[in-house]
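Letters A, B, C, D and E mark the chains in the order given here, with residues in each chain numbered from 1 onward.
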Amino acid sequence: ACGSNPSNGGATEGKGNGGATELKKVSIMLDWYPNAVHSILYAGIDQGYFEEKGLELDIKIPADTTDPLKMVATGDVDFAMNYQPQVVMARAENIPVVGVAPIVRHPLNWLMAPEDSDVESPKDLEGKTIGYPAIPMNEALVKTIIETDGGDSSKVNLVDVNWDLMPAITSGNADAISGGYINHEQVLLKKNGHPVRAFNPVEYGVPDYHELMLVTSEKLAEEQADLVKDFVEVMTKGFEYVQANADEALDKLLERQDASFPLEKDVEEESLSVLLPLMTSNGEAKFGSQSVESWAAVIDWMKEQELIEVDVDADACFIKL
Amino acid sequence: MKNSRLLLIITVAFGLAWEGIVRLLNVPVFILPPPSRIFAALGKHWELLLFTHLPVTLWEVILGLFLSIVIAVGAAMLIHFSEIGERVLYPIVIASQTIPIVALSPILIMWFGYSIWGKVAVTILITFFPIVVGGVDGLRATNQEWVNLMKTMGANSRQIFFKVQIPQALPAFFSGLKVAATASVIGATIGEWLGASAGLGFFSRRASHNLQADLLFATVFLLSIAGFVLFYTIQWIEKKSIPWFYEEKK
Amino acid sequence: MATLLKFDNISFTYDSERERTTILSQHDCEIKENEFVSLVGLSGCGKSTVVKLMAGLYQPTSGEIEFNGGANERLGHVSLMPQQDMLMPWRTITENAALPLEIQGVRIKEAEQQVHEYLPSFGLEGVAQAFPDQLSGGMRQRVSFLRAMLGGHHLLLLDEPFSALDAFTRREMQLWLTDTWQEWGRSIFLITHDIEEAIFLSDRIFIMEKGQTGPFQEIVVPFERPRPNNLHLTKEFIELRSKITELLFKKETNEK
Amino acid sequence: MKNSRLLLIITVAFGLAWEGIVRLLNVPVFILPPPSRIFAALGKHWELLLFTHLPVTLWEVILGLFLSIVIAVGAAMLIHFSEIGERVLYPIVIASQTIPIVALSPILIMWFGYSIWGKVAVTILITFFPIVVGGVDGLRATNQEWVNLMKTMGANSRQIFFKVQIPQALPAFFSGLKVAATASVIGATIGEWLGASAGLGFFSRRASHNLQADLLFATVFLLSIAGFVLFYTIQWIEKKSIPWFYEEKK
Amino acid sequence: MATLLKFDNISFTYDSERERTTILSQHDCEIKENEFVSLVGLSGCGKSTVVKLMAGLYQPTSGEIEFNGGANERLGHVSLMPQQDMLMPWRTITENAALPLEIQGVRIKEAEQQVHEYLPSFGLEGVAQAFPDQLSGGMRQRVSFLRAMLGGHHLLLLDEPFSALDAFTRREMQLWLTDTWQEWGRSIFLITHDIEEAIFLSDRIFIMEKGQTGPFQEIVVPFERPRPNNLHLTKEFIELRSKITELLFKKETNEK
């Protein structure tokens, strides 16, 4: 597979103030449209970190959240942003992708119920309806959380609501949702007058998986180890910049996005403030680092939940930089 | 007889070509699985697919298509026979076709919750337009000379409608219906994305999220079969109901 | 006899994008009850237009049409056999012929029963269940004729009902029509281009010219009924035919 | 004149009723915003919507619809004129309408990347079926008597096609085209989900994800306008090209 | 004269779901070059079917049709005027009539030019740009007739070309046809239900019966050409007419 596709213009980023040196194009497919979490990439571009490494970043948007892994595996894009359990799932399906570096180190996908409901604790959801986006991973999350809390998960009615997590809960058709992010859905629901209570899966028996990580293909990891290293370095610098200059970085992102879609500043601000602490692990592990234990824990849990049927080698799931 | 053998041969040839190309070009299984994989997946999960999910979707399709016909025929009549219908209802009907379901889904959920009616509503929304256009254009095709003849016989509008306009509108109506029938399958599939816990649409999303392209395409295969059956059933009914339109003159 | 239909100072003009064609102006005529009137005229002079006016399908540009002593509604009270057969391809011969009965609310079974009784006289017994495109031109015309007859109204407008028939079949149909007319006591207004037919059948003959202004030229047919089969060999008949032919042709010649 | 005033009055009445109901029933703004909010959003972002996103989508729509017509007409001819076309191509065409786009998205991305062609491909996929059905049924409507007459004149198949079959197929073709034109708007919208950085589909999807219903409906409003314009343009062309079909007899 | 078209032991049967209708069996006939032949027969006996066989639209169930000395391809080499006018509603009168020229590859402008030259003789000058549904029945028939004439092939098949015309217009068309026929030197095969027309125009007259077995009964018309206008008043003419009428009618009576 050959590097990146020629871009459709708009997404190609680069400072390009007369740089005579040929920049190497590198492409990444985001997990979703640009938002606060991606400010670290934009900071990398705006502050010239990519250019310093002789790189020019081409940012692509997926049609579906499962597309990034497929496209990275086929080599149509160089990198992708996706979820750690999804990487495990992919490997179980023989899709040759590997985790490069965690970006958000902890789950964002919390179980949420309206604040004014009688769901005080996950086990209260027995006999109730939970909306989720038909991702089997979420079924496992719900099951683990409720059972760990002492409830009977078989008494919960799970409904695939695909696009409409938020309307599911505001319209009262679901008593809780799984699949919502604390940095997005929770923030938006609060803003629109429907505050929710969120239950952290880690506190209810789910391994502390990386919600968002940088992923690449086995092939690229092997053949272009330098590129991978450079990319992580740039991302780390971008992260550090954002950590130090959150307001500025966010303004830059909003400014960029204004040309195509006006993001709401307050939402993204709140989102970033939720995210930043989760991108490092209380200082004990530095940005981007990962461990085989984390992968093993996730794999074990997924196996136990029958999310995967085959054995997945934890060591092969990620690359050590 | 000969034709169905030809069809069989070509289907098999098509399947083999697909298998060959996918294998030769090394198209990754997770992007486009070869038929062998799809059938393997189908073989493994056929009970689940055929007895749990297919009936759910089929029921949505049939209910949706049936109501769609009723509503569309009503709308076509209003549009054809009343000025207000043409000036007001037609634009609204057209507008309804330009709204992405995403925009409507919260409203549909508010109204219908996660009952079957939400899915049926989406199916109707996606299928009724071709029938309306077919119906309106079919009614427009009325030969005025026959209407005049009927009038001299003292026919009232109801009689003119049933004995002259309907027979002449049927060919266009059936064209629309065939498009609608085929679309109804995808309509129910999309409808299930509003909120479902069973059905081929639901299942296909799960398969997709699990990166199980073979299962996804096994589902698509069933959806296609359903689409065929619907299309050719309608075409068969069409040939039976308007033989004068099909009869090849010697 | 009382007047059944009366044109009072009628004008009619086709107004198409292309041009205006005036068919009638300041025209009067009337048909009495129980009368048999024929209309002859050159092709394209406006005969079919006149019957459509009579049937109520067109409205006169000016003037009044009176029908049935002031009850001016003609649609549904006058049977029309149009010049083109206008059979519906989706109906069998029986169903086509039964249409006016169906519309009057006769039960389908009964209506078809009635049609079947007439089919033999029309030479159509073999094709009761056939569709129109399996029939010959003359057979189609006879179906259309039967359909108009079954309308059962007091005024029957026939626009060239026998033009596609050979002499023999035409004669049979004419005889059938005369018998039926006398039996049922209706008024008949017949368009024909066969002058012998007009004389043989009618009480009066109207002669129409292109751009007809004022009333039609009118010939009263002096022969008693029942008219013998060999009437056309009589001197009076031949003279009358010549006279009408002359009227028709001279008009054309004058115009030129 | 009178009609367009009527339309205006009813549109306004409709808008007011909507506004009233939404406010009275306290429908949450993020589910169904009242027209006032929609127009406010439109007013605020009109430059972005009209000059950045609308042209992108329109271009996809026009290109897609144009290619769709070309492909569909070709397919309809193959299906009508060849046994193989009817037995093999038609089923494939039907099957293509039963596949959820999600299943195809990786394939489309692989083939077309993020260029406009991916979006155009989706537009074609969504619009070409009604035209094919309209075309096939239209060609089927050929009156064999005219074909025979043409044959006695020594006409070859090309002449019969252009002089007899096309004129008779046009009414059904236009019915299909009107459905397709309306669907093309949504086709481009869905196409943009394949990964776009501009266009009304891109914009609406983001608005929906961010719960900005007013912006979402502002986009839908523009999409509807585009749908109207397309539909009524086609209808106008139709009336001009087949006047004999519309001409009301006096 | 050489033979232009020859039926050799032809049989033809319609095979519909409803029933089998045999039109011809073991039938022979021929049309010579430059000959004018008419076919008469009762409505529904199969005349239109015969011309469709001649035109090459139907294939005989058995037997051989020879055309133009063995060149058996008839489609495209024989002009047919069908019984129903078959005008195309989407073409103007001029465009309808110009159709055969267009098909022969004549440039549209030129084709329409040619049509316009003929329109006055057909009484159609005013309606060159009109559409068929704005015409009277007889006018439509004349357009269809002109269209067939412009086909320009050696054999012209006319299926009741004048049935919708009044005596005057019919006479004009007959004279025009005779003139043109002599000038252009084609063969004409005419179906008509008007025996006088058949005698006046033809060299030979075929009489067809229902379920025709073997060759047609044939009458050679003994009158010299050009035939005078008052031919129908001569004794020979009247005798011939009676003879044909008798043949036609007697057949019918025998059958019954």
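Annotations
We adopt the following convention: contacts are C-beta pairs under 8 Å (C-beta built on N, C-alpha and C of every residue); 3 or more make two chains touch, one makes a residue touch a chain.
Since the model is a prediction, treat every value here as computed from it, not as a measurement.
Path length between chain D and chain E in the touching-chain graph (shortest route): 1. Ranked by how far their CA centres sit from the centre of chain C, the chains are topped by A. For the copy pair chain C and chain E, the superposing rotation over Cα atoms measures out at 180 degrees to the nearest 5.
The centroid of the Cα atoms in chain A and the matching centroid in chain D are 36 Å apart. Inter-chain centre distance (chain C to chain E, centres taken as mean C-alpha positions): 27 Å. Separating the centre of chain A from that of chain E, both taken as means of CA atoms, is a distance of 84 Å. One simple way to say how far apart two chains are is to compare their mean CA positions; for chain C and chain D this gives 51 Å.
Counting partner chains per residue, chain C shows two or more touched chains at residues 14, 84.
Under the contact definition stated at the top, the residues of chain B that touch 2 or more other chains are 30-31, 102, 106, 110, 145, 148, 205, 208, 249.
Residue positions 64, 70, 74, 163, 166-167, 171 of chain A are each in touch with at least two other chains. Those residues of chain E lying in contact with chain D across their complex are 52, 55-57, 75-80, 82, 84, 86, 88-90, 99-100, 102-104, 131, 133, 151. Partner chain A is touched in their complex by these residues of chain D: 28-31, 45, 48, 52-53, 101-102, 105-106, 109-110, 113-116, 193-198, 202-203, 205-212, 215.
Remark: chain D residues 145-146, 148-155, 159, 163-164, 167, 242, 244, 247, 249 touch chain E in the complex. Considering their complex, residues 3, 6-7, 10, 27, 30-32, 83-84, 87-88, 91-92, 94-95, 97-100, 102-103, 106-107, 110, 129-130, 133-134, 137, 140-141, 144-145, 148, 171-172, 174-176, 178-179, 182-183, 185-186, 189-190, 201, 204-205, 208, 213, 216-217, 220, 223-224, 226-228, 231, 245-246, 248-249 of chain D touch chain B.
Per the touch definition, chain E reaches chain C in the complex via residues 14, 16, 18-19, 40-44, 46-48, 83-84, 123, 126, 129-130, 134-139, 142, 159-160, 163-170, 193-195, 245, 248-249, 252.
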